[in-house]
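Down below is the structure, laid out as structure tokens.
Letters A, B, C and D name the chains as they come in the text, with residue numbers starting at 1 for each one.
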């Protein structure tokens, strides 16, 4: 069994490394086979080893990575139910996306780099999931950052793409810093960085310390998960190829933050302040992103903001103390959002590589199949009744409601509002893309079969994943909560309240739909309003960061390099050097070639010596 | 001793100063050499006087050596004067300033 | 003093003087034919590498010297020829020997007076190894200064346009520091002699000298003057970017890989154990300078156009990290510092090697004229990306392992320092990504040489890349070698 | 004067006789190289005699001594002169020197230096100094028709003559004050607090001016660069090394003594040392002519040597002698290299003309680098241990401030020593100098470089030797 567990990690790594080193020397389809094979193999290994994870999980230490003084970091795996479910999701979705990518990237000459990075990404993501200590987790954490950097900027010939990659890397790294500090602090407190070890010892800690560390972890999570305030990179990250957006920026990497918080939940949950902060970050992001999504014109950007918003829900769930709700939404979201992105990729192809929804329309005629798939995804996202998104979102909102106090009721209210906004922008998207006639002029580029096949399982999963954690009301057994060992997350509300909550959810869904239908059923060119412009630019957060961080940074840089380095330090050095040579010139000037001057020097010297003697005699 | 030592020293110092003045002021090489001669002779004077003061002959021997060496120096000096004159048609030391710095 | 490995054969001297002998061979055989000189240099460097590798493998993680040599040398001054090899020295010697092989390969196409060039490289190697082995202060100083001459010529003769300026700057900076060291060594020697009647320069003996607080502080500062210039610590770094930018590729590899390391080595082998009290008193200052340098160099690197200068400033920034680790004064941080030193050497050597290759192909090092190298030279670019990622501290690659140990060590002592230093990691990402962005991505510049890596270059880059990954994923062998020496050096510093 | 005294003076007599013989022989046989080699042989024989024939008595007529120290100096100067003669072989042919006269004067100078270093009385000192100076007057202007040589000769003559006058008057005043010519007694006489003390001090002041001129201390150094530049390179080499070393050596025994009188002198020397080191260093910075640079460098090094002279004692003397030997080797070597680069157009002196010579003459360039780096004091060259010994002695003697000034000067000196080296090694040659070094030149220079390298790695033999001979 150990070997299966190792294979989960090793296969994607090997695939990535082999492709990176030798891929360009292999005949064309081989690297793709290797890449897909590696991930599918990993998925199978995960399925095979699932039994290991049940209960308290399974711990496997491979070798010592770093050991110095009393610090020790192992390459070790912690395969518990949480990790297992996440692994399953990551490998499963990744397998499908790899297959899709094989079709999507068919004509790309630089395929090898793409698949190498994609495999490495899966490896890094699985490292996050399976790591038994925070440092190894951090390795995966930064690893996904790098792969995301490389993949966003995959089409590097356009500087904007490379810049978007860089932005993603640096902004998420800001979050990583907080994570790193938390790691250091935890080690200083506990003398270990093992996740189990830390979680076992937290109970004795002071609440302020816990709060501080939890907040650090939260910030770390915010970076990777594109939560307020470190969210601005995600929309730009859509510059990458669509499979990348589907895998990294929808299904897996952006949910790593949620996973981290779930992983460290025993610690985080000790501080109510931190929990409130998490919930707040979640809902603020959800709201922010939902508003932004309203005004976006590029199909992938709409989806990106929706991702941000949905991840906000997951944060909210963690903040509410319900790990299973968070994980539930994480899973369902992974399915339908991957589906959405991949169908969006098909749509873009169909529209003749056109991203802008204002230049789409009538896509239903171009491919009814894609229409239905996309619609399935959208319905899940919008929370249409009985879809997976409906159940998972409802669980989160119900949990908020169940807390009962004003703060949480407020969260619930905002959550409902976001749900309405979500429904609105989903149907806006649907109408703009599918209704009416095609507004562009490009010829369609038919998606290959390889691109369509992986969509079916995802659509099915997206529509039915609600079964994973079906609440009692629908005579479900909350299987996920049980598997995760979090039965306390199962809500026990009265039937009437449950009906009320469900009714509200359905109501806002319908409301959103109706408003969208009203406004977007018939397409008309509109001048974007001031508010629209504001939302389109993501509340102008980029400008704010530019003003607050980027420009001062550059200014200080200029000051250092021109002011201090070239001015002060070089100036002092050159000044000293010039002083020396000037002095030298003056001294050599004494020897002007004339004997009489030399003799005068001699006499002055004599006077000097006699004077010195006299001085000594007098003093 | 007929003349007091002090007088002798003052005279010698004066002579030395005069010689030095000559060396410093004159630009003609021959005149400079003459100035040097005067300075050296002032030293001879002191030596003779001191020899008498200390009742020793050492000083007087030294004077003889001094004179011999001076002669040699002048010989070389004058040879150089001729050589220099051949080169630049002048023995003004001021014009020999090709090398400087 | 006894050694663990009892052997009468002067193995250390053999290690030390093999490169010198090679240098002479280079001059003799290679004078007429440059190719001979290259091969002599390569073979010599290879032999030294194998020798040091064997010594490293023989090393057991126990306290004490693995090998120790002590001969009478200049009795008149009480100077002895004392060499000792422990885990710390063997790691750094192995690094030196390894990089030297690469330096020879990197400069394979050097055509201006190759015999002298390679001879100088080998002399430099002897000097560096000597510094790492010497246990007599004057012997140490001798090798310390001996590093100057070859490096000076390498920069001053085989460098670029402003090579004289750079070479003299390098020479002057380091000489000022080392003469301070010399003065301190002499005074310490006299003081010890007056106290005990035994005039000696032996490190172990001089550690016993009784010093007043002020004396110790002055001596310590004089010692540090030499070491911080070599490291170089802000604000004594100004020579390094010029030396890198104007020097040949091999010079840069050696500068980053060999010379900078000797500064830190000098601190932990000599300055700290000799003057522990003063050292600990001044640690906060050192830490502040290290931190300021860490950020300052990052900022300056961010503004540079010349890619070699960017790498040079990144070097300064990383060395700030190393010094910060030393300032924490505990086992983890010190091991981290040494590890980072090794890792940084490997990474930076790789970066400089690729930079040289880029320059060879495009004829420029200006960031604004480069771009899109991945299109024309994917293999080279992949290596460059790897080294850059290692340099910005990506976990799993070399630098991170050292950095995290330093951070952990520092955090237990002074959390604030560690937190500030963490931000430094972000900064390194900012300027390194700018470097990557400007060279690899974007629209293509037109390189006149479309040739991707040639076999010789593969030979240079593959070992470096393998090491970068290996040191990042499994640095344990190095750490185990360091454990005992570092802990005993810390002990002699008077603190656990 | 008896046979024993003559026996004790055998090396000097050999030199003087040899000089005269060559002068006579040169009138008949006009083979330049022959006489140079004969001269070198005579000098070597004199050196051997000085080294291995034990003197019959130490004190010679109260004027000279034949102590181990004096003999050591004699050997040193004789060998320097022999080396100068050997290195001049090609040079004298090139510029058509009168070989006999040249060799004869060199030997004469050697005799002077040897007498100077052995002097125990002012009479002997004066005599030795004048013998040396008179020979040098001629040697400096030896290159006929060379206007710079003539100018250099004139400058040296005027300065030398004035210095002689100062020396003579100084000696006279000291004699008047103390009633003795004996150096030690005269110095000891200064210590007694008598009415004549000011007179003695005035005498010492004059004497110091004269010495200052001879070893070119600041501010009596102004003639140095001009004369070194104008004189033939081998002669400049001799001027910068033995001619200065002999004077310094003469005063070492004096300063080994302690006492108040000497303390006054030491005090002046302290001032002169600092001025010399700093002024010389800075003035050397902007130089672009290697001979002028070496001239200023010699000024600086005399400042260093003064440190040792001031410290005196065993440590100081040892440091001084060691430094002097090493300095002599390096400076002589550097001038030697300049000699070998001379062709019928003259000497290559400017840095611009040195550019790229290394590609044509790698060995000589390497040797020049060795010499200059040794002067800088960089290990593993002998210059390092010389400076090391010096600073160490300064610290022991309580003159740390002098050591610090010395260190500052050596830091700055890096710049001017390195400039010609870099010029040599720059890729594009400026002047095509195809002169092949004569065998004798190579022999001497390789010898110098080898000794410098050897002493840089293993200075113990020389250290032991100087430890044996110090007064």
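Couple of notes before you dig in:
Note that a contact is a pair of C-beta atoms (placed from the backbone, for glycine too) under 8 Å apart; a residue touches a chain by one contact, two chains touch by 3 or more.
All figures in this text were calculated on a predicted structure; none of them were measured in a lab.
Distances from each chain's CA mean to the overall CA mean are smallest for chain C. At the far end from chain C, in terms of centres built from Cα atoms, lies B. For this pair, chain A with chain D, the centres built from the Cα atoms lie 78 Å apart.
If each chain is reduced to the centroid of its CA atoms, chain B and chain C end up 65 Å from each other. In terms of their C-alpha centroids, the spacing between chain C and chain D amounts to 42 Å.
With centres set at the average Cα position, the gap from chain A to chain B is 96 Å.
Residue positions of chain A touching 2 or more other chains, listed in rising order: 588, 591, 593, 595, 599.
Residue positions of chain B touching 2 or more other chains: 20, 23, 93, 96-101.
By the document's touch criterion, interfaces exist between A-B, A-C, A-D, B-D, C-D. The part of chain A that touches chain D in the complex is made up of residues 580-581, 583-585, 587-588, 590-591, 593, 595, 597-599, 601-602, 604-606, 608-610, 612-613, 616-617. Contacts from chain D toward chain B in the complex involve residues 122-123, 126-127, 130, 134, 137-138, 141, 145, 147-148, 150-155, 157-158, 161-162, 164-166, 168-169, 171-173, 175-176, 179-181, 199, 225-226, 229-230, 286-287, 292. Within the complex formed with chain A, the chain D residues making contact are 154-155, 158-159, 162-163, 166, 198, 201-202, 204-206, 208-209, 212-213, 218-220, 222-223, 225-226, 264, 267-268, 271, 279, 282-287, 412, 415.
By the touch criterion given at the top, residues 20, 24, 63-71, 75, 113, 135, 138-139, 141-143, 146, 149-150, 153, 156-157, 159, 162-163, 166, 169-170, 173-174, 176-177, 180-181, 184-185, 187-188, 553-554, 556-562, 564-565, 569-570, 573 of chain A touch chain C in their complex. Chain B makes touch with chain A in their complex at residues 20, 23-24, 27, 93-94, 96-101.
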